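Have a look at this one before I ask anything.
The first chain written gets the first letter, and so on, giving A, B, C and D; residue counts start at 1 in each chain.
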């Protein structure tokens, strides 16, 4: 227990965009005290060396990563590391009683064979992975509330699955017709110096990438298959958009019942997300924009039905670094701790 | 005949982005002399009042629109007007022997009933419309060469049809599975003061619009149906992207023959566009970016096949104001005049 | 007194960017209840018609403006109107006992002759204007605490004066050498459809405007003169930057004492702003970026001394819509009400 | 002599933005044949590996740098290398009779002591440096026409000096009052992966840098001193702007004769640049925007006089990669070869 009875938490991998987002969000959280920042390449530096504008607000150093130390000081820890690293320290953290929220892909797959197929590395921690819960609260709130290890969803899967879930769960669409055309701001690429992410290259431009083979595909398919009750393959195409934050997923699928109209769908979605404080279903005829969600943990969903083609088109907008990453992890922590799901999370961004 | 034996041309609707693009491009054209600029709201002003940075290069005034005068002074005229206006002067221009290149939707439809359904106005010039050729040279070069009236394609249809045509013409896909997810810079909205096009609103954001009902849909369908040999409905969804220029169309369709691989498709596309100087098929594994096409009349096409889903994904990138509008109109003029199709058009933009 | 003993406040001119910013900020304020939204052009509409993404959070209508009604329902009111309108209702509001925070230029000048010179309209409310306090808390905290009417500073003057004040107050510079080269995102132009503010025009570009005659000049000069103890003229040049939010003012002035070095200046600034929670003086050698301040009420100040030229260069960065407008007005309200100056205001934005 | 009697030229350092700009521009040049591309890190690769969209237009490989080989194959060569490398091969190139246009800082200074002070490296080629001409044609056309070695100006000095030269040459200002507040798009930072140049960091933001110590300062001062006839120190502050291309320099200086008005200045500037095809002086009351110059070799200059302060404010806008770099180098080549100064250079960009 920390100051004022707050729960002490830590962040491993604090230097990247996921890390700084967690730092920033946790500072506003009324039940949490941030006591530990860990990292490899920046170990030993004050956090404020990386983000000088936060110097007045954060005076923690970045420490070398030592699972024993973390478990001793933190009741819960967020792992914001490149894929393949979380699985090296998670077993120890769990053994010492620490709650773990992993933001990488390491614990998103119930079957590690899928992980190995798409991420190219063998894993020997299937028993640990089997205990992980997929951290999408709108679908798995109950399981998350009892989990010690949560594998937080990727940014694209969050937007995609929130758009698709009601359709699949209710059997409204032909699952194999699902096509997800997703668009993301460049912050999704992380705080790494890459030429294609330079403003000079990425601004005034628009690029598809990873067509037919992006690693978020199996993650989306795993959940879609579970919802549909049988194996589902989806088409997923990401695009790089000249903006900093935000994801819009435009999802297409053929309706089983061509008689359904837009208002029906809005009603169905509202019912599905009735108890979900972080999902806003737009009124009939309104489509979401990424700017609406920017700076908040909200997902806005808009729905259209095209009677000419028999398809439903669902558009979901999130802030890729909040609902798509750090905010959602905190939403999961809230649930794991038995707190209100909305605690400490930004309800509204600034506009414009 | 004008100076140095050049062909005298005019532009009606010179004040908008289509107009200024035509002005700029025609100034570099070796066989053309721009002698007339027309407009309604800005009639009487020097063109340079609207675009001060062109003051040293263009000293034409904008004149009130008078079809008789235009026909007298111009061998060919570009109409860059809001929908529904070109059809008011075109019959006179044609009668007087003027070649007409209309950039609006007025002469894109062989059947005006389709126009009326989607654009909401009755038309009485079916006989004129029946003589119009759809100005997509990669498909209709021969007809354009003999036309007096060309209905130039919309920006989205240009990108969409160049991506889809080889597939439909060769019968490679199931036509009704075609989905076009298109993304455009905001210059496509024209030089009109609209709140949703303000930088403060549109920057850092991404918005779908016109889902299932955008007016470019019937235009795409008309040509797709002709290529397929039967009526085809396509799903078309435009999105507003925070950049000035460029369109990327991401096109999805189910292959009839699941055995086709990416290299097959690249070969097929290269063959299809063999004689098309303005289409560049990317090497296998390369996807286009809009920045590549910016400032040129080129269309870059990249192709992927996803064996997991049996779909082909085709991505086409153009500059919406050049190949998607003014450049393509000049390409048509070149063909109508019997000139080289590439004459006076920019082959490469600047990068980055 | 409103719900839970909260103070009831209203906003007149709720539809613009100043309005939506106030709405958003006041929703997080623990001591305030927003009970009234007023406007002319949008009177009768629900606020959510203008900002659909706020539909779940704000269900107030926009009402026609009636000073009597406002004063009856609100203890304090923010006026976010075009220049020249606030002065029409303020006298009534004050008479009825309402606290007034005006975000326009109407009550920024102690001498209305200056207003008339620069804004071109005669005014007859000098007696009211004489009671107004200039709402820059870092300079006038005490006067604000006793004011009933506050004329909140413009966005440029806020950034400029926070950069210049220590220099002038301490007599460190030759006042007439002060040059302010200021750069602003386009949201400063408001939510009005203007062609030069379109993304297509303003993106990828950079424009100076109002050189030598911008209306924020006399406002800056009035305060500079007061600080210097004699009349001061400053050079002020604003520029439009292709971004949504943020102002950076780069201020140049010749030092009286050429022996002063950068560290001296940092010490002096830190001392000057010691009790100012919303000003952050950067460490020696660090310059601020507008992104740091975005989404917060902070002003970051960086300082350089150039021994080669004998000049000090001060750079200040703010969010033009928060510290430069709505946030600062709420900071003033906090002081007027005797609350902590930081109450309900965002301490940190999101990065990147 | 190359194909069709064209002059054979080469580029060393072809992989960066300066290189690709030169490649692109030289392809349009009617008197030049590009026969050689050299580079270190990318030696052995086809140029099109770096810029795939140019694959159809450029099929030269990048070769390892060998001065003897270059001199044998090229009549003139552009060196677009990091500072400190050009001086290693230039003496050999000159000796073999090759014309050299260096885009780095190596040959911008008549006195290498200045170079050493600001760039930190000793140099032993003072005799070579003494033969170099500063490649700003508007000032040194005659000397350039007779030069074998041209040290092309930096991007900021180009914009700054074109704004300042008439004032200094005519003795209109007090030289030591000159302040240059310059703003640049991020392409000025080159095609190198740096975190502060990522879109996620640089977009939506605005940063001053190198205040009081940017390396372009001595270059500006060298020419200003020459124009003024005595040593002049200027204040120069660069800023990073969230756009790809363009520089705007806002220059402030105190007029010697306070009676001069704006129209006088416009007349003086027009006279000064009468024979300069690449400088456009804006009409009185018009200020330039960077978008106007984008994609052309033009420099637009706007002038204001503030009678309140006795200062002149001059604003110059260029495309930093064309007039600020590659275009200007070609302009110099044109002059060295006795060709028309405008040959092969873009007269107008596209708008918007």
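Here is the rule we go by: a residue touches a chain if its C-beta (ideal position, glycine included) is under 8 Å from a C-beta of that chain, and two chains touch if they have at least 3 such contacts.
Keep in mind that this is a model prediction, so the values were computed, not measured.
Chain pairs A-B and A-D differ in how many C-beta pairs they share in contact, with the greater number at A-B.
Separation between the centroids of chain A and chain D, computed from CA atoms only, is 46 Å. Remark: chain A and chain C have CA centroids separated by 36 Å (rounded to whole angstrom).
With centres taken as mean Cα positions, chain B sits 39 Å from chain A.
Within chain A, contacts with two or more other chains are made by residues 17, 185, 187, 191, 200-201, 203-204, 242-245, 289, 352. A complete topology is adopted by the chain contact network, contact being made between every pair of chains.
The touching residues of chain A, when paired with chain B in their complex, are 176, 179, 181, 183, 185, 200-201, 203-209, 211-212, 233-235, 237, 239, 241-246, 248, 250, 252, 287, 289-291, 294, 302, 304-306, 308-309, 311, 313, 315, 317, 352. The residues of chain B lying in touch with chain C in their complex are 17, 185-187, 189, 191-195, 197-204, 242-244. Partner chain D is touched in their complex by these residues of chain B: 17, 20-21, 24, 27, 51-57, 187, 191, 203-204, 244-245, 280, 282-283, 286, 288-289, 292-293, 295, 300, 321-322, 347-352.
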